[in-house]
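Please find one structure pasted underneath; my questions will follow.
Naming follows writing order (A, B, C and D), and every chain is counted from residue 1.
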Amino acid sequence: MVKVGIVGGTGYTGVELLRLLAGHPEVEVTVITSRAEAGRPVSDIYPNLRGHFDIPFTEPDLGQLKSCDLVFFATPNGTAMKMVPGLLDGDCKVIDLAADFRIKDLAVWEKWYGMTHACPDLVAESVYGLPEVNRQAIKQARLVANPGCYPTAATLGFLPLVEAGKVNLNGLIADCKSGVSGAGRGSSVGMLMGEVGESFKAYGVPGHRHLPEIQQNLSIAAGQDVDVTFVAHLLPMIRGIHATLYATIDGEIDLQALYEQRYANEPFVDVLPLGSHPETRSVRGVNHCRIAMHRPQDGNTLVVLSVIDNLVKGAAGQAIQNMNIMLGMDETLGLQSVALLP
Amino acid sequence: MVKVGIVGGTGYTGVELLRLLAGHPEVEVTVITSRAEAGRPVSDIYPNLRGHFDIPFTEPDLGQLKSCDLVFFATPNGTAMKMVPGLLDGDCKVIDLAADFRIKDLAVWEKWYGMTHACPDLVAESVYGLPEVNRQAIKQARLVANPGCYPTAATLGFLPLVEAGKVNLNGLIADCKSGVSGAGRGSSVGMLMGEVGESFKAYGVPGHRHLPEIQQNLSIAAGQDVDVTFVAHLLPMIRGIHATLYATIDGEIDLQALYEQRYANEPFVDVLPLGSHPETRSVRGVNHCRIAMHRPQDGNTLVVLSVIDNLVKGAAGQAIQNMNIMLGMDETLGLQSVALLP
Amino acid sequence: MVKVGIVGGTGYTGVELLRLLAGHPEVEVTVITSRAEAGRPVSDIYPNLRGHFDIPFTEPDLGQLKSCDLVFFATPNGTAMKMVPGLLDGDCKVIDLAADFRIKDLAVWEKWYGMTHACPDLVAESVYGLPEVNRQAIKQARLVANPGCYPTAATLGFLPLVEAGKVNLNGLIADCKSGVSGAGRGSSVGMLMGEVGESFKAYGVPGHRHLPEIQQNLSIAAGQDVDVTFVAHLLPMIRGIHATLYATIDGEIDLQALYEQRYANEPFVDVLPLGSHPETRSVRGVNHCRIAMHRPQDGNTLVVLSVIDNLVKGAAGQAIQNMNIMLGMDETLGLQSVALLP
Amino acid sequence: MVKVGIVGGTGYTGVELLRLLAGHPEVEVTVITSRAEAGRPVSDIYPNLRGHFDIPFTEPDLGQLKSCDLVFFATPNGTAMKMVPGLLDGDCKVIDLAADFRIKDLAVWEKWYGMTHACPDLVAESVYGLPEVNRQAIKQARLVANPGCYPTAATLGFLPLVEAGKVNLNGLIADCKSGVSGAGRGSSVGMLMGEVGESFKAYGVPGHRHLPEIQQNLSIAAGQDVDVTFVAHLLPMIRGIHATLYATIDGEIDLQALYEQRYANEPFVDVLPLGSHPETRSVRGVNHCRIAMHRPQDGNTLVVLSVIDNLVKGAAGQAIQNMNIMLGMDETLGLQSVALLP
């Protein structure tokens, strides 16, 4: 059994890691830390874990964490970068589910996140944990930066088009919609059910932190700078991201073949028949990304629809997929259940 | 008091007409028809109307309808075109809330709606009931085609840009999201709460009937053909449409001034401060369209956010606004309440 | 025009007062206070008020408030009792929407609310603002204690039975369910949409502050002590209370006649036909209480179903009804709109 | 591997059986029938099954079904009773998830279900599949009647009290609330999201088919007739039942000890600490029933809160639990996952 630790386990990403790891046949969670809740059983906060995890939250302790084979950071941005250097001293591997190691360009990171980075060298070393792009590098990595939720949905949706050089790279549009769990479990008036229930709005249109991450991913895929307009919206539901992606065609494409070939060997990307409309509920609780393509009215604007569960493929599930790869296990272990529908 | 009739009053548009007309100081609803529910009090089906409307549904009767000053058709597509010619014989005016008279190009209409039109001459005569565009014509009209819900939100959002000739007319994108009441009150598996609750999807991407209507509106505004990509999505909530509109800038614009001037005298279009994010709940139950503009990262892609209540400005409210104009009353009568929030 | 002030206008009760007062033909809101938001326009926080109220929040100022004909307190428990004595010096009347004056037995109040009361004499003087019980006293009152939401639904549902002495007074059960807006607009993890959406639970079963209020109301109605078990539940929706009330019959009753006669002259209590199932949406946004009675299997257990909108008849609407009575206006002014359905 | 068939697989119980059986290590689903959808892949209707089940729906065929070790009927009431006699000829065992075999008193069954029973002898032979009561009999059974959803939640909640003879058996009250998936996937206006979203109501108060089932269960447990008042309510959410149960105490009880002892060896009944408030989301997607007890104000009325997922412990999960018992497998196989929260 592999020993795993979780730093910062009280948020939605933390409980989702625990939910999924409970069904992982090769993993034992030995530590879960929370300064605020130290001493309290995890099932006190998350009643779904009763009978599955009886360990309490503890104060983060570097020594104890180092005894793990792998440590997940499910902490706010800016926390992992302070602790990771200490951890990597030993044999422990690390996956950061926050944004500390996602952006390679430090100046860009520091501008969008409003902090000075604590360990720039590790940013250079870390691997961006999108297995569909970086599987080999993830296999070798000590430190993986788990992708953001919107960037996962948008990148997987655009990737075949951008890699194939078949679309205009200067006018990509990612109109993305997320359930409220993407905002985490922090108390805030703006995320009360009385405020966000039965309503819909865009947010962060002037600038959202996932924009530079999407741009980095697509620019690497294209081998040149890519210009994306990204608009995030808040859905009156709990889980799920739906990315509606627009691109202007540049040359002829067999859309369906392009996507099916690109993702032929991917266990967690499911290309639907041309003209389908994937529903977020079809991936509720599971690690799949479902994608469908359209070319409405045979025009020049392509529409790609990409859905994930923001807490699974957009966070904890992808982190476990990365863990499986890093530790040489079957990539799908612990991630084989069926989406909860209805 | 003005005498008003409603043909086909059992759907959501019908009950919304009744809800709003109950508060209209100059209107008396004298007839409300439904073949299926003839004889049953309207409050049986719509308990919110108890104490407000005690009249029963009746079989549609041309003579009785002709005695009204104005008749609303809240019927399925294809019904009004059969009855309207008979009605217009007299002094009665008509507002059709369905699509029978919305599209001027008959071939286009017949292709998208899959029917032969019953009265092409009335299509030519009818006025498209978007007061922000056609107020003077509506004033003179005998027959008004009340706009569709998505076309209302999208057209009002794009209108100032398109009229001003400031954007590329070949790559407009309307990414629209609607609450479930837009699908009406017909029984269907696909609209069960068990199917659409807690989930989100696009629909009709290959072709939605509101596409030609949006294109017609914007082409008229532009004075030339406009190419729009329109994607509709279904929100897990009851009321509200949010249109996220994308356009590529062509020349310099003072966005805020452009919109504020265009809508300066419009009682039901509210231009928010630049950079705002309108919420659909801010128009729940009312006839307003709230609009905000963005130019993310100072790039060339403009983002316009436009919200309406699909049953009010997107249907019954706009119909009453049109009625007020047609009958020479204050345009805002019966439409002055405050949105229900939270 | 009557001049009205609101103390503490940033909560859901505050915005609901403003929404309803906007449509009141005889009222002008001249002051709305909030320490936290002083200087900010009310429509900044509540976008539905744009164009209806342009006044900003101000610091509470006794002099300014005294110039009003009537002041509403939409403040947390314990605030009104400190300011009301100063206000009542002048000609100003007061309605407290919080609990400061609801419980006549000071010891009971102080136990449940955990505070020492600041003005016990005003508790004695104040009138409990349930018009269906205390209309004459409200007419004379300087200070009205607006009832709680659950107590309104439960009291109106039980009242005819208890007054008529037809049920066992020792085993009444009130199983009540409320939408989340009942918890107010304060930030809290427990009311995040991620926590309360798509889930249902009871809360406060060991003891809820509305229990002594319900018991007081029913004991007064019965002329003797009444024993009630009250269980509150949280619904995954925004507005509405549904009280399911159980009582054991004691003697024969014509249930329907009893209720219809009791409420024959009540503008805001609507007794449905025997065997009906009122829906909370049928009173969404309006001041009505809809009630239906059942005697399942002709047994001894009666079931009464009572629905209100917790923010209207359960708070702001009932407060306006009380204001109308106190100021000698038509009791239904500003409260005549139709519920928003769907 | 055990071979399993499902008759009538297009409803919510059918897809839930498939979802859970996909994770069962000892089961292979070899047949799934649907007259209406014969020939169509199951994943066409249920996109969450893509990649898990590639078999198509087929016409029901007795020979093919007989080749299974066990057949589940997820059909409307009245279907299983016609096919089961033929199936039981062979070695095949049967679990009926509908109501055909739940009620032992045929006259009662025929009154509530409005049909003549097709095989009264099998009603006598069949075992009511509540493992917490009938585990030994289920082990021997050829035919198991899987309990209804409300009866499961209510019976498990009342059981320890009723068996111990500690409460008044003539005034039990079961105030139950269910998510909309309990109504199935049949098309109906009444279950449209536009009708049931953001609203709450009771239904079937004059008489609900689960009443005689609850009464039968509790009467057997008590060894005498028990009188229950049962009120069902519809929650604006998809999954979950919350039963709020009321009983008048008769003698002294150590509530917590009583329940903990009764359920000490039950893998799927979780007794929470006294005074807890179980949430339906804590059992979303899993086979657990979570129960908590209260004695408010130390009075004579006990309150028991019992939650299940109506599609799991209330249907498909309990059916699989029964299958495990009938086929001699570990009772928890395929039922060990963690509830999806948030």
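The rule is short, and it goes like this: a residue touches a chain if its C-beta (ideal position, glycine included) is under 8 Å from a C-beta of that chain, and two chains touch if they have at least 3 such contacts.
Computed from a predicted structure; not experimentally measured.
Within the list A-D, B-C or A-C, B-D finds its counterpart interface, over half of the contact pairs alike by residue number, in A-C. Just to note, of A-C and C-D, the chains joined by more C-beta pairs in contact are C-D.
One inter-chain figure worth recording: chain A and chain D are separated by 36 Å, centre to centre, where each centre is the mean of the chain's CA atoms. One finds 39 Å separating the Cα centroids of chain C and chain D.
Chain geometry summary: the mean Cα position of chain A and that of chain C are 45 Å apart.
Residue positions of chain C touching 2 or more other chains: 12, 181, 185, 194-195, 197-198, 236-239, 278-279, 281, 284, 342.
Taken together, the chain C residues at the contact with chain A in this complex read 12, 180-181, 183, 185-189, 191-198, 236-238. Put simply, chain A touches chain D in their complex at residues 12, 15, 18-19, 22-23, 46-52, 181, 185, 197-198, 238-239, 270, 278-279, 281-286, 288, 290, 311, 336-342. For chain C in complex with chain D, the touching residues are 171, 173, 175, 177, 194-195, 197-203, 205-207, 211, 227, 229-231, 233, 235-240, 242, 244, 246, 248, 275, 277-281, 284, 294, 296-297, 299-301, 303, 305, 307, 342.
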